[in-house]
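Chain IDs A, B, C and D follow the sequence of writing; residue 1 opens each chain.
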Amino acid sequence: MSNAAPQDVIKEPSMLKQKEMIDTNFKSLSTANEEGRKVCSTFVPGNLNELLMCFDLVRNFPEINALQNGMRKKTGRLIMEAERNGQSEDVCTYVKSDLGMMLQGNIGPTGDKLPDPDVLLLSYTGCFTFMKWFELVREHYDCETIMLHVPYQADGKITQNMRDYVVKQLKEDVIPTLERVSGVKFDMDRLRQYMRESAKAEDDLVWILQSAKNKPSPIDAFFGGVYYIGPIFTAFRGTEAATEYYRTLRGEIEQRLANGQGPVTPEGDFGKERFRLVVEGTPNYTNFREFWKMFYDEGAVVVASTYTKVGGVYDFGFRHDPDHPIESLADYCLGCYTNLSLPARIRMLCNYMEDYQADGLVINSVKSCNSFSAGQLLMLREIEKRTGKPAAFIETDLVDPRYFSAANVKNRLESYFQMLQQKGAIQAA
Amino acid sequence: MQCFVGIDLGSTTTKAVVMNEDLQVIGRGITNSRSNYDVAAEVAKQEALLNARFYLFRHSLDGVRALDGRLDSFLDQLVRDFRLEQFLEQLADLEQTCTANAAPDRFGADTAALHEALAEIFRRLNREAPAQFAAGANRKSDFFRDIAGSRYLAVGEEVAGECKLPFDYVLNVYDRSIIDVENRISDESLSDKLMRALDRTFIAFDDLSAASDAVRAPVKAALDMTLEETYVIGTGYGRARLPFSKEHIRSEILCHGLGAHVMYPDTATVLDIGGQDTKAIQVDPAGIVENFQMNDRCAAGCGRYLGYIADEMNLGLHELGPLALKSTRNVRINSTCTVFAGAELRDRLSLGEAREDILAGLHRAIILRAMSILSRSGGIRDQFTFTGGVANNGAAVKALKQLIKENYGDLTINIDPDSIYTGALGAATFARRAIEADAAQAGGH
Amino acid sequence: MQTTAGIDVGSGAIKGVLFQSQGGEKPEWLSKRVERIRRRDPMELARQCFDEMLAEAGLMEDDIDYVSTTGEGENIEFRTGHFYSMTTHARGAIYLQPETRAAMDVGALHGRAIRVDERGKVLTYKMTSQCASGSGQFLENIARYLGVALDEVGALSQQADDPEAVSSICAVLAETDVINMVSRGISTQNILKGIHTSMADRLVKLLKSTRVDEGVVLVTGGLANDSGLVATMAERMVAQKMNLTLQSHPDSIYAGAIGAALWGAFRHQKLADLDALPKAS
Amino acid sequence: MTVQEIVDRCQALFDDLDFNAVKDWKAAEPGRKAIGYLPIYVPREIIHAAGMLPVGIFGGGDQLEVIHGDAYYQSYICRIPRSTIELGLTGRLDSLDGMLFPSICDVIRNLSGMWQLLFKDKYVRYFDVPQTYRDDIAGTFYIHELQSLRDDLGELVGRPISDDDLRQSIAVYNDNRKAIAALYQYRAERPWQAPTSELYLLLRAGMVLPVEEHSQLLRDYVAAAAEEERPRRDNCRVVVNGVFCEQPPLGLIKSLELAGCYVVDDDFLLITRWLLDDVPTAGDPLENLSKAFLHHSAATSAKFEPDKADKGKFLIEQVRSSGAEGVIFAAPSFCDPALLDRPMLQEALNKVDIPFTAFKYAENTGQLQAIREQAGTFADSIKLWSA
C-alpha cells in the first residue's frame, strides 16, 4: 500500500558518484553568475558539450532541469504557473516547466539558484519545439541566441549536403559567436582532447547497454538506463569524470553478470526475469518509481530502449572522432534518435527485439513530445507485423502529473503481461 | 451442485454469471454498480444465483402436467411477481429512509408538509408498482435506482406542485436516501420472498390453484438444493477493489476475449463498449488475446454518453436506439464529449433538426470512435463479435454494421442478446478452468 | 429614461431582469427572475420568464424600449439586440460592484475570466476549453450523487478537514473517481472540497492568464452562490500571492442579464440620438 | 460569371474530397502527373515547371469521417495528419503521383515517414527548408535541396527541368501572387463585398486548379464582386492569425462574420502569399527562389526569428496595412508551433496597444457557440468602445 514505509534504496558506488557529479554541476551553475563564469543553455539532443567546454562555458540543460524537477514532483506547479502566464495546455510540458521555473525565480531542482544564461545555443536537433522554447526564453534574457539548424534524416541517411550545412554553420557561425560571447579563443586541440575522452566513455556505455543481451539481463535498459545515460548526455561528455563513472559502472555490471544477477531496482534486487521487453518512448518522470514498479513487480525487465539514444546513437558504431572533430560533431547532431526517420526508427526497434531476444514491445507515448509520439501507433503495428511479437501502448506524459493515471497504466500493463504469460504458456505446451 | 461464478464489476453495471461443471451457463445476474463494490458484487451474484434457481425450477417443473402446458408463461409471471416483491421491499425502505431524512434541521417549518408530500408520493408509487411489473409493461430499466428514481421524480414533481412545495426539497430528500437504500442488502431470505411471489402468481393463474401443491413441492425442492460456489473469479473495471485474492482476479481484456470466444468459437475480433471504456480485442482461435486497444483518457463516446443523452431527453436507455432507428436524414456529429452531449443536442434541436436524426448522428459518432479503436488494434477480422451494454442498442448496432460493411466488406457479425455478460462469462470460464488446472496438477503429482 | 429587459439564456438556467435607466446610467430594478431549464425548451421558457417579469412590474411589452439577450439567446425572436456573454457579465459585474476589475463567470458548462475597466469595458478574457471537466453541471451531478442539495454544497465543503484530490481531468472519469472515493469511505465534505479545489485551480488559472493584478474580482454566474467554491478560489489566490479581493454578490447570477439590460439602454440612447430606432419585437 | 456562380464552383471543388478536379486534369492529357503537398510552403514553381499539377492537401475538413486515420494518432495530436491519412487510405489521393511534406513541425515531419511506409509505390519527399538565413550557408544548403527536388521530379516525368521552364513557371506564379494580392486588397477595402468565407473558398480552389486558371478566376471574382452591392454590417475589422496549417471549418469562418468581425487579413493557405515580392525571372532561377525564401518571405510560427526585436513585427504590419482594429488568434488544438508562438506575438501586440482575442479549434469542430461568444465579445468591445 502507499503508506508502507519507504524502503532504503540500495546505492552502489556508481550511483553515489553520479549523484555527486550532478550536485557539483548544479552548485557550479548556481555560482556562475557571481563568479563571472559564462553560462550557456543548450539542449540534450545534438548538444555540443565538448565544444562548449573549449570556451570555458558552464552548461545548463533546461531539459535536465525539467526532468529533475519532475522526479522531485515539482513540475505540476511549474507547469500551472506557465499556463497561468499564457502558455497553452496543449504544448510540451518540458517547455512549460522550464518557463514556470523561470517565472518563479529560476530556483533549480536541487534548490540552488540557476544562473542567467549568457548565450542560448539552439541546436535544433530532432524537434521543432526547441526553436520556440529558446525564442520564449530569449524574451526573458537579453542574450545572444545561436541557431544551429540540423536537417532531418528523412530518408534514413546523412547526405553530404546536410553535413556540409552543419559543418559550415559550426565553423562560420557557432564557433565565432561562442568566441565572441566567451572571450576565449577557439583551440582545436583542446576539442580533440575532449573528444578522445568522449569516445572512451562511449565505448563503455555501449558495452553497458549491450550487457542486456545476457539472460537474465544484469541491467534494466530503460528505467535503469535513464540513470546510465545521465552523465554522457549532458554536461559531462568529454570529461574525465564521465570516463571514470562509466568505468566504475561497467565494473559493477561485470560483477552482476558473473553472479548471474538481474538489475538493481529501487527496492533491491530484481526477482525472476519473466518478460524481456523493448521500450520505445520517454519515461514518465513524475511517477518514475511507481511506473517502474509496475514492471519489476511482474518480473518484466527492459532489455533495450530508444530513449537511451536521444542524446546520441552509439551502438551502431558512431563515436566522437578526435581526428575529424567538426565533422564528427555534425554527424553526432544529425544522428540523434529523434532526428531519424520513422522507417529508420522502426528498423532499429526491430533489431533490438531480435538482438536482445525480447518477448514484446512497450510504447510509452507522451503527450508532450510530438517528435517522439506522432507516428508511434504506426510503429507499433509495423513492429508487431515484422517481429510477430505483441506490443502494448501506454499514454502518459514526461513531467505533467495530470497525465499520469496510475490505474489506467496499470490496467493496460496488467492485461499485457497476462496476455504475454498466456501466450508463453501455450508456446511452452 | 458445484457452481463456478464470474463477476464483472463494471463502471456502470455489475454482472455475474453462474456456470455448472459442464460449462453450461445456468444463471445470469446484473445490477447497477454503486459506491459499495462489495454490495454490487454480492447483489449481482445473488441475482445470478436466483436466475439459476429459476433454471432449476424450469427443470423440475418440466414434467408437472398440472401446469397444463403453460410452464413458460407461469414462470414468466413468477419472475415478474418476484421482481415486484423485491421492488416493493426496497420501496418501503426508501420511504422509511426518505421520511427519516426529511428532518426539521434542514427543512424547518416545511418539514410537516414535506412528510405529507412524501407519504402521498409513496402512496402513488406503491399504487402504480404492480402495473409496472405487469406483462408487457415498459420500464425505464431493471434497476431499482432507475425505476424508482425516474418515477419518484415524475410523481414528486406533480405532488410538489399540488402541495406548493419546492420541488428541490423533494428531490434532495431522494438524493440523500437513495445511496443508503441501494447499498443495503435485504436480510429477508430468498425463499420467503419467492413464496410470496408464488402466491401472487397463483392469483394471476387462479384457474391453476388446484395444482398449487404439485407446483410448490418441486419449487421447494429446487430452492433447498445447495448451490456451492466452488470457484469465483472477479474482473472488470473495479476488480482491484473486490475482496478477492490475486488468483481470483483476471484482467477484463482477457475475460472479454475469452467470453466472446466461448459464445462464438470462431471469433477473431471483439469490440466491447461499456460505460466508460471502449475496447477492441483480437483473439486467436483458442480465445487467447493477441492484441487490444482501449480508448485513451477521455471517456468521449462510451456508454455513459448514451446515458447523458437519455437523461437529457428524459428517456430510458433502451428507448434511445428505437427512436434513433426512425431517423431519415444524416446528421453529422463530431464532438462526442460526454458532458457536452446535452449542449450539442440542444444546439442541434434549436437549429431545427429532428430528434431522431440527431440521435442517429450521435450513435454513428460513437461507433465511429469505436471503429478507430478497432482500426488501431489491427482492424476487423472475421468473425466479429460485439459485446458490452451498448450492444443492446439497436441503433448502435445498425451504425456498426453499416460502417463495417463500408470499410471491411461482408463479415459475420455476432451479437448475443446476453452480450453484456461477456466479461462475466469469461471470468466464470476462467473459474472453471482454474479448478481443472488444480485437478490436473493434483493428478500429475 | 428607458425601460429595458435583459434576458440571459444559459445552459443551466434562464435569467431575466427589467431595469429603468438613463442610457444605462442610474439604473433602477423593476423585476428579476431565474428559472432552471431542467430539460424544458429554453426559448419558450425565456418568453415565459419575460411575460412573468412584465406582469410583476405591471408593464406591457410595448412599454419596453429595448429587449436584449445574451448567452445562447441569439435566436429569441422578441429581442431587439444581442450582446455576447462576456460583454454583459462585465457590465453586470460593474453594476453589482463598481470596484470590480475582473468578473469570474462560472456557469453550468463554462468558466470565463473577464478583465474589465471601471466603465465595464472588457479588456481581456479567457474561457475554459471544449472539454467540460470541472463545470457547474459536473458539480451538480456529483452533488446529486452524494445526496447533497446545491445550496448545502458550500457549507459542507468548508467543513472539510482532509480534502481528497480528484485525479481525472475528464468529468466523466472524475465521476467514477468520486464513486471510488465514496467506496473508500471519504467524507462528503472532503470530496466536495477536493472538487472545489480542482475547479478553483482551473478558474484561478484562467483569471491569472487575463493578467488582472489588483482590485476586486467578482464571481458571477450560478456558482457565485456556492460559497465553498468562492472560498476555495480565494484560498488558491492567496496561496499564489495574488493581490486580489474575491467577492460574490447575492445577485451575481443575474450579472449577464443586468449587463444586457444596461447595454440595451445604452444602445437605445445612442440610436435615439442618431434617430435610428429599430422597432421593438 | 456572377459572384454566386464563382463561389458555387469553388464550393463544389472544396466539398469534393475525392479530388475529381485533379483526376479530370490528368485525364485530359495522357501522362500528366500530379504532386500533393502539405502546408505550409513548397516551391510550386518546380512542380509546375515539370509540367505537373501541384495539389494542396489541407486535411479532410468537417465532412470527412475519420476512421483509420484516428488509429494512427493519439488524442493529443492535431487533426490534420489523421484526416490526411484517412484521405490516403481510402484511396482519395490515388490520383497523386507523389507527396511533398514541407518542414513545418514534428507532426508533418513524422508523417513523411509514415507515408513512405503506407504508400510504398508513391514518390514521397520531406522538403527541408533552412532555419538560418545566410546566403552562403543556408542558401547553399537550400539550393541543393531545390536542385534535388528538381532532379527527382525531372526523373518522374522523364525529362530534365530546364532553367527556362523554371523561369516561365516563376512568372506564372508571380502573376498568381499578384491576383491574390489584388483580392486581399479589395477585401481589406470593402470586406462586406468580399466576405472571408468566399475569399477562403477562392484560395482553396487554387489548391486543385491549374495556376493559370486560378489567377483568372480570382480576377473574375473581383470584377464580379464590384458589380454587386452587398449589405454592409456594423462589424469590426480583424486580422486572423494561426490558421496556417490545419484549417478551421468553413462554419467557423462564417461564424466570425456573424459574430461581428470582418476579417481583413489572415494567414490562411500561406503558400499563396509566402513569397512577398515578385521573384526575378532573370538569372539563376534556383538562386532567385532561394533568395526570395531567405529574405522576402512571410513570417510564421514555423520559422525561426533570429532577432528578438523583430518578433511580431510582421503581424503588426499586417494590422496596420489592412486597417484592422484587432487580432484574432485562432490555432488548431495541440498545434505546438502556433500555440507556443502565440504568447510572444501577444506580447508584441500589447506593446503597441492592439487588442486581441484567442481560441482554439479543430478542423471538425462542431460546436461553434463558444467561438461565436469569444469573437462576439471581442467585436462588442471594439464596437461599444470605439470612439
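Basically, a contact is a pair of C-beta atoms (placed from the backbone, for glycine too) under 8 Å apart; a residue touches a chain by one contact, two chains touch by 3 or more.
Since the structure is predicted, the reported quantities are computational estimates derived from the model, not experimental observations.
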Out of B-C and B-D, which chain pair has the most contact pairs? B-C
Just the number, please: Cα centre separation of chain C and chain D in whole Å. 39
For chain B and chain D, let me know how many angstrom lie between their CA-based centres, rounded off. 52
Taking each chain's centre as its mean C-alpha position, how far apart are chain A and chain D in Å? 36
Could you list the positions in chain A whose residues touch two or more of the other chains? 85-86, 377, 395, 405
Among all residues of chain C, which ones touch two or more of the remaining chains? 72, 129-130, 168-169
Multi-chain contacts in chain B: which residues touch at least two other chains? 296-298, 335, 340, 343, 376
Counting only chain pairs that touch, give me the topology of the graph as line, ring, star, complete or other. complete
Interfacial residue positions of chain C with respect to chain D in the complex: 72, 74, 83-87, 110, 121-122, 125, 127, 129-130, 263, 266
Spell out the residues on chain D that touch chain C in their complex, using ranges where they run on. 259, 333, 357, 359-360, 365, 367, 369-370, 372-374, 376-377, 379-381, 384-385
State the interface residues of chain C toward chain B in the complex, per the touch definition above. 11, 39, 42-43, 72, 75, 109, 130-133, 135, 137-138, 143-150, 168-173, 176, 179-180, 182-183
Name, in rising order, each residue of chain C that touches chain A in their complex. 129, 167-169, 201, 204-205, 208-209, 240
Touching residues of chain A toward chain C in the complex: what are they? 80, 83-86, 89, 402, 405
